[in-house]
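In what comes next, chain A is part of two complexes: it sits with chain B in the first one and with chain C in the second one.
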Partner chain A sequence: MQAVGTHRSRVWTARVLFLLPVSVLFFFFFIYPFLFTIYTSFTSWRGIGSMKFNGLANYTKLLGDPTFRKALGNNVVWALSQGFIQVPLACLIAMILVRKPRFWRSLRTIYYLPNVISTVALAMVWVAIYNVEGPLNAILGALFGAEKRNWLGNPDTALFAVIFQTVIYIGYFMIILLASAMNIPRSLYEAAEIDGASTFQQELSITLPMLRGSLITTMTLAMAYGMRHFESTFLMTGGGPAYATTTMGIDLYLKMDALRYSEASTAGVFLIIMGTVVITVLRKIFGSSDPMSEMAQ
Partner chain B sequence: MKHTYTPAQIIANFLKWILLLSLLAVALLPLLWLLISSLRTNLELQTNPFGWPKDMQWVNYAKALAMASLPRLLLNSAVVAASSVILNSAVTAMASFILARERFRGRDVLYTLFTAGVLVPVISFMVPYFSLITKSGLYNTLLALVLVYTAVNIPVSIFLVTAFMKSIPKELEEASVIDGCGFFKRFSVIILPLSRSGLVTAATFCFIYSWNEFLMAMLLTSSIESRTIQLGIKFFTSQFITDYASMYAAVVITIIPSIVGYVFLHDKIIGGLTAGAVKG
Partner chain C sequence: MLKKSRLLAALLMLCLVFPLVAQGQVESAPAKEIELRWASIWVGNDSKAPAVEALVAEYNAKNAGKIKVVIEPQPDYNAYEQKVRTSLAAGQAPADIFTIKFNPTTATFYQSNLLMDFAKVMDASWKQTFDAGSLEQSTVDGMLKSLPMETAILPIWYNMDAFKKTGITELPTTLDGMFAAFDKLKAAGITPTSQMTGDTNAWTSMIWFSHFAVSLGGTNVWEKSFTDPAFVEAAKLTKRMITEYSTSDAVGLGAGGSGGHFLAGRTAVFSNGPWYAGRADLAATPFFNSIKIAGLPAAGSTKDFMISRLQANICAASSKDKAREAAIVDFLKFLTSAPSISKIAETSGAMFAIKTDYRPTKALQKQFYDVAVAAKTTAFDLEAALGAEVTLEFAQQLGALALGRISAEEFCALVDRKIER
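Here is the complex of A and B:
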């Protein structure tokens, strides 16, 4: 009895010991910041001194702040364009690659490549591409005689320009959809073939319905990422010109930079809320899938 | 008998390849443009920004590396990325072993909690991270970045490594217990070596993140001693203000590790991405 007791307590000590490092890191970098963000959003705090509780003041201030509202609106545009343009395009590519055309493996590998390249480097390239004297204007000029535009410097085109460059990241969603399309049983297509269904009909009535779960997952991912967008816009335009491309993340950063810490925290709460809204709304509309296991990528 | 195509099939096939090749161009041209630009003269950059450079200006690379801060920034990035990968792999291997191979109450709750970390946008934590790092005296140190990168990658790594460890047949472990293997032996002799592939996948994602990360590095460091290469090419390139060609060379140098890593490990990355997709 004695021996069993010590053995069990030894096993428990070992288990706790093994879980401890992850738990400590997780506490300090996820749980504490989460609670801290929520807590400070109800205070007036400028980084130093004590935190004074001020109720919903930050929330009303933020919702009345034209910059933040602009950011929120831009994030919605981001989320919708990622979910309803990026993902369908990725799905189309996946539907082509699943039929294993020549070089499909190499294409799959190359399509994902931009996802491993630093945003800083790619943003620099895009700034050059969008430059008034850059390649894009030269190509459009040569093909259509279009006049030169300052794509990133003009408030009318800047948001479109920063969103358009995300097309290079399409491989990420495509790979998830392709893996799932490859799991569709061949027999379904063979049966349809015998029934005389055309390729187009097969895609419509077999592939798309079978991809439903993965489509919901990738759309959720894409829209959640659209809501938390920060890096490439920050690097290309800094949120300008005249806040035309700002996002909640950029707004948060600029507020923090101006030492408006509790307002920054409030923006952080909005970021968390909007991400949750996206996931919940998509689940309500399309039924549940398993975005969480995918988010873990 | 030769297979004949209907006109509709020929058109569909044509459109298909147009689409595939335009996407290929979109994925590769920015990188190719960067590479070619890094080999031009500055005059060519202005006068002939798309054509092939007349003479490859390899000297741009020498100039970039001769820039005072570049080697230091590269070293900082290498140290941060390597340390984050090692630390992240170590802590997640240990935790995943418990979460995948031990049975106890609360295990699934703990697993869900750790992996649910991905649902939270880390950028909303700018204020608390800054406050935490400053208060603990780690501001402007490489250690601050190592801790943040290790922690931020925990949800992904736990997800990948736990899934991998769960797939190891129970019999292997049972046999080892009969052979008298204790807790630590089961971990180090049986599970750990068998999970190598899952750990490499998680480590690859952690490396890509740590090497490329920009925001936290900008937020938590302030001087050349602890800044990473991503900040370097964003801010210190002002040194190059008249020498764009060398600046592009510097950028190419910074993306080489990612590309080399991808060439060798793309199967692991693609496998990792699709680990959750199999369920459909």
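Here is the complex of A and C:
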């Protein structure tokens, strides 16, 4: 009995030893900065000198700031576009490719290719495309006689323009959904065919329900990305013109740029809250099943 | 089996811990010579890089075995600024020697004990080598935690080849004359100016706005409320420049695009500092020899001034080790000596807050020098005077102003709310 106890104790010691390095790193590089961000959001601090506790002053200021409210609204638009345009688009392509049409392997590679190209390079390409003298205006002019537009310089079109250039890159979510779709047993489709179901009916009644777990996962990932979006917008417009494309991430960055660290922390806390809200709402809408577990199955 | 697992766990821990211990040993080992790390932005393609590298090599040779300066290249300025900010916020100096753009935002760094206060170590002879005004501008509450190094005037660049195509051989001396000249350029199919509202400071348009505001409101204009009529009028003039006399992509355009239009000959007038004069792509332009450097015709009663800024101030890490602090001071005295500065100025064309007998010989750089000397007085640009946050608001709202979404009065009110008083 004592030998079994000693054995268990040794097993636990070994487990603790194995987990210790990563736990220490996780604490210092995630837990500690996370708690530090929350703490500084309740202070007045410019990165230098001592912090002064100022209660909810940063939160009140942030919620009253029209730029931050604009950023919050833009993030919601980003999240909805990612979740309800990009993911359905990825799903549609995955459903086509899973039927293995001609050149499906090449098409799969082509769709995924933008995901391995640097965001900076893609952003620069799109800046050139959207330029007043760029190819987009040239094509629209030649086809429809449309007037030249400053797509990124006009607050009416800038947000649409930056979202469009991200939403069309569906490769990442397509690969996840395609992998799931390929695991759906062929016998289900064969049975449906015998019953006289059309392709559309098969997709609607077999593929989509079977992809439910993967769809919830991809939508969660896409919308979480939308809530914390930063890179391509910052590179293409810097959040302008007149904050038309700004996001919470950009607002946070620019607050740090102006040495308003405590306000940047407050924006960071909002980012975390909004991300949590999105995931919670999605779980409420799509049910309480764990999509990650479903994916694993 | 269990023994093996424990042995494996112990080895794993050892592998993780060893590099950290080893690193500590290297740093704490008694050094024969003092090694100073300089996080330098004057590297790579920067026009000051060759002279700075040569000076560091010269200093290291003279002090072999005693002091060694090691340049840590920082070619990406934005990333470098982030590094300085985050290092100081984390309670660590980014290097023994580093530079900052001095303005009301970065003046916050003076609250840090990590920075050496040069006011305490500066003797009279060293102090005399600096331009007194620049030293005063770099002093906050009696502390001199950054030394003024590179300065800049921000004039207007005129491509006279383009002007000559319309029959204009002399620069306009009045604002009306300038608009008339711009109309002629437009009629000849040449876009007059390179304006922009992009990036975090709408750089080239910010320079134009600063010229207008100072001329209309005086050299102390930045002390006034931003709703002052001088700013409102300057905003109207800048809007006119963007909407009537610039490229169609000016709203949202960045500094690279704005400069690119001028370099490609698509625009005839540009604005930037002397560092732009040393660019190889500028020297390769067919109109390089026709470029004329000057101010803007006066928009108000203040005339014969030049917009200027402290472009790069040098900071040093404070140290309890007196020998290390003395080594830093020794190197900075060498770097800011008149002969060293002359060498950097000669190769780069940049301007400095250190008094030298150096007079530029290259035509374009000579023009900068002549314009600076001819100016009766100088005034800061908007960013240098009011800091990063105000400038960001200026840039963002300038787009809205140019597109007619807000009036000049609303524009000024929006910028004004970002000014801390």
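Following the convention adopted for this analysis, the second predicted complex is superposed on the first by the 263 of 297 C-alpha atoms of A that agree within 3 Å, B and C clash if a C-alpha of one lies under 4 Å from a C-alpha of the other, contacts with A are read in each partner's own complex, and residues count from 1 in each chain.
One rule holds in what follows: a residue touches a chain if its C-beta (ideal position, glycine included) is under 8 Å from a C-beta of that chain, and two chains touch if they have at least 3 such contacts.
In this text, all values refer to a predicted model and were calculated from it rather than measured experimentally.
> For A:Ile48, using the defined touch cut-off, is the partner it touches chain B, chain C, both, or neither? Pick first, second, both or neither.
Second partner only, chain C.
> Figure out whether A:Gly238 sits in contact with chain B (first) or chain C (second), or with both, or with neither.
second
> Give the label of whichever partner, chain B or chain C, reaches more residues of chain A.
Of chain B and chain C, B contacts more residues of chain A.
> Is A:Val269 touching anything from chain B or chain C once the two structures are fitted on A? First, second, both or neither.
first
> Going by the contact rule set out at the top, does A:Lys70 touch chain B (first), chain C (second), both, or neither?
Neither: A:Lys70 stays clear of chain B and chain C.
> On chain A, what residues does chain B touch that chain C touches as well?
Comparing the two interfaces on chain A, one with chain B and one with chain C, the shared residues are 10-11, 14, 18, 21, 47, 133, 256, 261.
> Which residues of chain A touch chain C once you look at their complex with the stated criterion?
Against chain C, chain A makes touches at 7, 10-11, 13-14, 17-18, 20-21, 46-49, 131-133, 148, 150, 152-155, 158, 237-243, 254, 256-261.
> Name, in rising order, each residue of chain B that touches chain A in their complex.
12, 16-17, 19-20, 23-24, 26-28, 30-31, 33-34, 37, 46, 49-50, 90-92, 94-95, 97-99, 102, 104, 110, 113-121, 123-132, 147-148, 150-152, 154-156, 158-160, 183-184, 187, 205, 208, 211-212, 214-215, 230, 233-234, 251, 254-255, 258-259, 261-262, 266, 269-270, 272-280
> Which positions of chain C touch chain A when the two form their complex?
Chain C residues touching chain A: 2, 5-6, 9-10, 12-13, 16, 85, 88-89, 105-106, 108-109, 111-112, 197-200, 247-254, 387-389, 392, 395-397, 399-400, 403, 405-406.
> Considering the complex alone, what residue numbers of chain A touch chain B?
10-11, 14-15, 18-19, 21-23, 25-26, 28-30, 32-34, 36-37, 40, 47, 92-93, 96, 101, 107-114, 116-122, 124-126, 128-129, 133-135, 138, 167-168, 170-172, 175-180, 183, 199, 210-211, 213-214, 217, 224, 227-228, 230-231, 234-235, 249, 252-253, 256, 261, 264-265, 267-269, 271-272, 275-276, 279, 290, 292-297
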